[in-house]
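Several structures are given next for inspection.
You will see two complexes here that share subunit A, one where it goes with subunit B and one where it goes with subunit C.
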Partner chain A sequence: MTASATAASAPALARATPRRFGVVLLAAAAFVLLAAAGYVFPRWLTFLLTMAAGNGLVSLGIVALMRGGVVPFGQGMVFAAGGYTAALLYNKLGFTDALGLAVCGGVAAVLVAAPFAPLLSRYRGIFFAMLTLALSMVAYGLLMKLDALGGSDGFNVGRPTLLGQKLPDDRVGYTLYLLTIFVATIAAVAMRVFFDSTRGLVTLAVRENELRVEYLGGSVRRAMAINFVVAAFCAGLGGALVVLSLGHIEPNFSFWTTSGEFVFVAILAGWQSVAAVFIASTVLEIVRSFSSAYFPNTWQLALGLFLLFVIRFLPRGIGSLWTKRRGH
Partner chain B sequence: MSADIPAAGSTMLHVDRVNKRFGAVVAAADITLSIGRGECVSLIGSNGAGKTTLVNMVTGYLKPDDGRIAFDGRDVTALAPRAITRLGVARSFQIPQLYGDLTVLDNMLVANACHDQRLSFWQPAQRPQAIDRAERLLERFRLSEHRARRVAELPGGVRKLLDIAMALTGAPKLLLLDEPTSGVSAEEKFPMMDTIMSALGQEAMTVLFVEHDMEIVERYASRVVAFYAGRVIADGTPEAALGADDVRRYVTGELLAE
Partner chain C sequence: MNAVVTILIDGLTYASWLFIVAVGLTLVFGVLKILNIAHGSFYAIGAYAAASFVAWAATMKWAPGFSIVAMLLAAVAVAAVMAPLTERGLLRFFYGRDEVLLVLVTYAMFLILEDVTKLLWGANPYYVSEPYSLFGNLHVGVQTWVGYDFFLVALAVVVGLAVWWVLNRTRQGKITLAVIHSAEVAASMGVNVSRVYMAAFSVGIFLAALGGAFTAPMISVQPGVSVGVIVVSFAVVIIGGLGSIEGAAVGALIVGLARSLAVHVAPVAELFSIYIVMAVVLMFRPEGLFQRTQARKI
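Then we have the complex of A and B:
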């Protein structure tokens, strides 16, 4: 390599590895800060943040798909797959470890999504959105009719254990909060690494020009199928963690409005920052909680106005406040 | 290997009795053509003569109605663009197909990642080896100074060069350039072709380029294939092909003027 090329590549070289180290440090600091804050937060707030982190995992997967140019309107299906798996493992098999249940939820969601991935990888735009929506509504219909899964009422899930330890009454909420933000932190770092990887870059390229990707030797369908499976794993993790904190599961996990809320968060966040996803998810939970309290019948109106505000003033999402205007 | 397909040997590309129609329009009529290893061949012809259709069929974007196309001794007629690219065929486009929101360097890294057989979740796109390779290619195309600029902000000539540089990332054996100087000013076209040929000259590569500018054709092609209404009307050295009556009548228009 020539001297000029060496000099020119130095800044780029400097970006790669230290960037990862910085991401891990930042994530660790955020986790420690949230863990410490959660210790003094009132219970309602730790519960709200637990829901935000759990639901944020689903939206994180949607962002991975959005980077490839598609938006799924049926992530409720894989969210429910993760939730029902965790709940059934707990109730039917007596497997109670919260971390294990979360991972099982993610794996189950992958098993549900994988058979559809080759089909969905052929579609774009509204067709992709409608197909995923259709799948989630089929799942919703099945869950409503299956009495073995509690039908329309769903069923309750008991208190989980963690690493062999029972969770005492006064610490159960905080422990599940810790677990959820821990899993969310790991997932966020992993997703950042994915976005910055060769596969992540090809996903961005697919979004802008599929034809060129194929002419450069890349497989567009494989990229889209893998992204769908990755998104399913995130949704399954989120579903399991949300169920463990709620202590209840029902078919509404797969209903289209649930999927719509995940998309809402992903749009609010934009597709450039993983941290923005969890911030957007927290914003949604706060708006929902306070609107429900003060405007019980019109909270969706507040949500809609908020989204309009963001689309008008931050069209690239909350993440665009601290990310540069470029692909990454 | 089929008996109709010549062994790899000195033949890089063999097009055998290929036909293609779009409704009533004949885009390729019984085209037979062999391109030798290391040749620099220009495809000329008026608009709609079938040049780009041939490029699109060789690269798998279009499938011939009948006939066969062999690359390096292998039948590629039914293969998808990606599979043909992986065999060693690359192309650039009349309208550069780039990623406008990314920087020049990131565009090169996209090309590099796409050529990577095993895409990774872990390996950073901006890893040292990939950046080195990208930087070297950018330098060959005199694009180093633009490496950090967003592609959407680049002038047309630079975008053309980047389009070709991206095609070279996979070190192809056959490169097809679709009108590399279209949209480039008269002053820029020769320096641009010099840059391209100088960059390509560093690799043992067979080149096919579609071109309308006969000055470019005369100066850079070692062989010229002329098309008219989907047929090959002349094939030979630039002097011989450009001097043929049919070429002067249907392509350059000289006989019409007389």
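Then we have the complex of A and C:
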């Protein structure tokens, strides 16, 4: 078992190492560029990009699961878990550090998701989608009814601090923007490394044919369970960061249409490219804010047509525009 | 004792409209292999159309009893307009694609229909109260029940029997069953599969609209009704087993009773009792109650 695992991972590692260096370089460049650009961007644009990066983290997790051939339709649950955790820690315990809150959000989402991971790893296709949907709706129902958590109105969250520094009025938006894209960059690089690792490649093999993976000695269920937990961590990070920027949280974070939007972004991005996820997320935020400004009554219509267009003409997502077909 | 009767009757009424909607959903899945998120939108459109038709019937000075006919006509009209539009105009381009991708196609359809409904009928609520009082009240013990609720139960039974009879006792039904079993083999035997798809989808939409039209008198018809119906009817068909008519009936009963039990015993749990039941069923019967497990292909 050990010998075969080493043999399998050796060529993967050999290919991955130079690529990994390039990925880190590219990510660092993208971060520096975005950070510098954010300094001159108008406030609405940095806010839009903050939301895009925060929501993109959730979709990044969905992509991790999509690589194994399953699509979760209930990531709103872990998104809300992260968000509520950050908000509650801030309001009840007075812990205000933004980075710490984000990490706590991720960890809380993992704690929420982990008990379900072994169970969900048995399901595929529609059943996986519907079970995750059911879980998120249970969470939604609970959040609506728990008055301690603000019930259906949710509650507000104050302004966080960062590394012991108070954030002044004129800089809070930019600082949270920096933090969010920083976390998103780290998560994107980590995810790329994870995708190219042996376990990540096993996930791809599961997508192709899971029985063969079992015959070759891989554990499909373990791969799926781990992907689910990884996805939850990303979603929790995203939820916490979004809440800190929004300053408000409500049960709708866990509603199924919220989850649907995350899936929308993941489909738009495709499962090949990590960067595509954040581009897709930005596209959604732009479509959302422009259509709600210019045609508020038909923005869902625009979104639906857009989604149909993508599925019909770009079935592998916008990531397929620049990712070479490898072995397909 | 009274409480038990209340829970049972409430559960039964809830189950009956749920069954009408879910049986359409399960039929569409059985034949076309599409889990239709937009099913809830057709339900909503059915309810809106019923509101318009009943109002129109009132201006035409029809006898009050004919509002039932107006609601039926509304459901027929919705199916006649929407089915060709969505199946021929959209879904057929995606046949044969991955099931989950098809869910997303219908999700897009749901988003579009959501706004189309708002454009056509506006955002204000509609009330269709006339038919609700048509059947008078019924006294059981010390409690009073609205006759319309029992009418709904009867309607659900009729719908269920009709669908069963058509599928198992008519030529068209047998052809449909053959397509459900294997569209490829059916096609090679000379069955016009796309016509069966079209017919099944139309019936599915008709049932969704019928459910919507006949619940319209019990609710206020406003944006958002579709969203709630979708997940609940999903729960029903998942519990029963996708594509199974009997499953939809049993699933609807289970969900209806679970919900009314929650409403009367533990109101806090109302919103999620259904999903807990669904999760529990899926844990022990991953394919639903009435679904044979299929062998995996290597």
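Quick note on the criterion: the second predicted complex is superposed on the first by the 311 of 328 C-alpha atoms of A that agree within 3 Å, B and C clash if a C-alpha of one lies under 4 Å from a C-alpha of the other, contacts with A are read in each partner's own complex, and residues count from 1 in each chain.
Keep this in mind: a residue touches a chain if its C-beta (ideal position, glycine included) is under 8 Å from a C-beta of that chain, and two chains touch if they have at least 3 such contacts.
Being a predicted model, the structure only gives us computed values, none of them experimental.
Colleague: Which holds for A:Leu89: it touches subunit B only (first), subunit C only (second), both, or neither?
Modeller: After superposition on chain A, A:Leu89 lies in contact with neither partner.
Colleague: Report for A:Met137: first if it touches subunit B alone, second if subunit C alone, otherwise both or neither.
Modeller: second
Colleague: Contact-wise, after the overlay, does A:Phe194 reach subunit B, subunit C, both or neither (first, second, both, neither)?
Modeller: Touch partner of A:Phe194: subunit B, not subunit C.
Colleague: Output check: A:Arg20 vs subunit B and subunit C. Expected answer is one of first, second, both, neither. What do you get?
Modeller: The answer is first: A:Arg20 touches subunit B but not subunit C.
Colleague: On the A-aligned overlay, A:Leu216 touches which partner chain: subunit B = first, subunit C = second, or both, or neither?
Modeller: first
Colleague: When the two structures are overlaid on chain A, which partner does A:Ala205 contact: first (subunit B), second (subunit C), both, or neither?
Modeller: After superposition on chain A, A:Ala205 lies in contact with subunit B alone.
Colleague: Have a look at where A:Leu57 lands relative to subunit B and subunit C in the superposition and call it first, second, both or neither.
Modeller: In the superposition, A:Leu57 touches no partner, neither subunit B nor subunit C.
Colleague: Both subunit B and subunit C contact which residues of subunit A?
Modeller: 209, 211-212
Colleague: How about subunit A: which of its residues touch subunit C in the complex?
Modeller: Result: residues 70-71, 73, 119, 122-123, 125-127, 129-131, 133-135, 137-138, 140-142, 144-145, 209, 211-212, 256-257, 260, 263-264, 267, 297-301, 303-305, 307-308, 311-312, 315 of subunit A touch subunit C.
Colleague: How about subunit B: which of its residues touch subunit A in the complex?
Modeller: Touch residues, subunit B against subunit A: 59, 80-82, 85-86, 90-91, 97-103, 105-106, 109-116, 119-128, 130-132, 135-136, 138-139, 144, 147, 150, 166-167, 169-170.
Colleague: For subunit A, which residues are in contact with subunit B within the complex?
Modeller: 1-2, 4-5, 8-9, 12-13, 15-17, 20, 193-194, 196-202, 204-205, 208-209, 211-219, 223, 326-328
Colleague: Touching subunit A in the complex: which residues of subunit C?
Modeller: Subunit C residues touching subunit A: 35, 90, 93-94, 97, 99-101, 103-105, 107-112, 114-116, 118-119, 227, 230-231, 234-235, 238, 242, 268-272, 275-276, 278-279, 282-283, 286-287, 296, 298.
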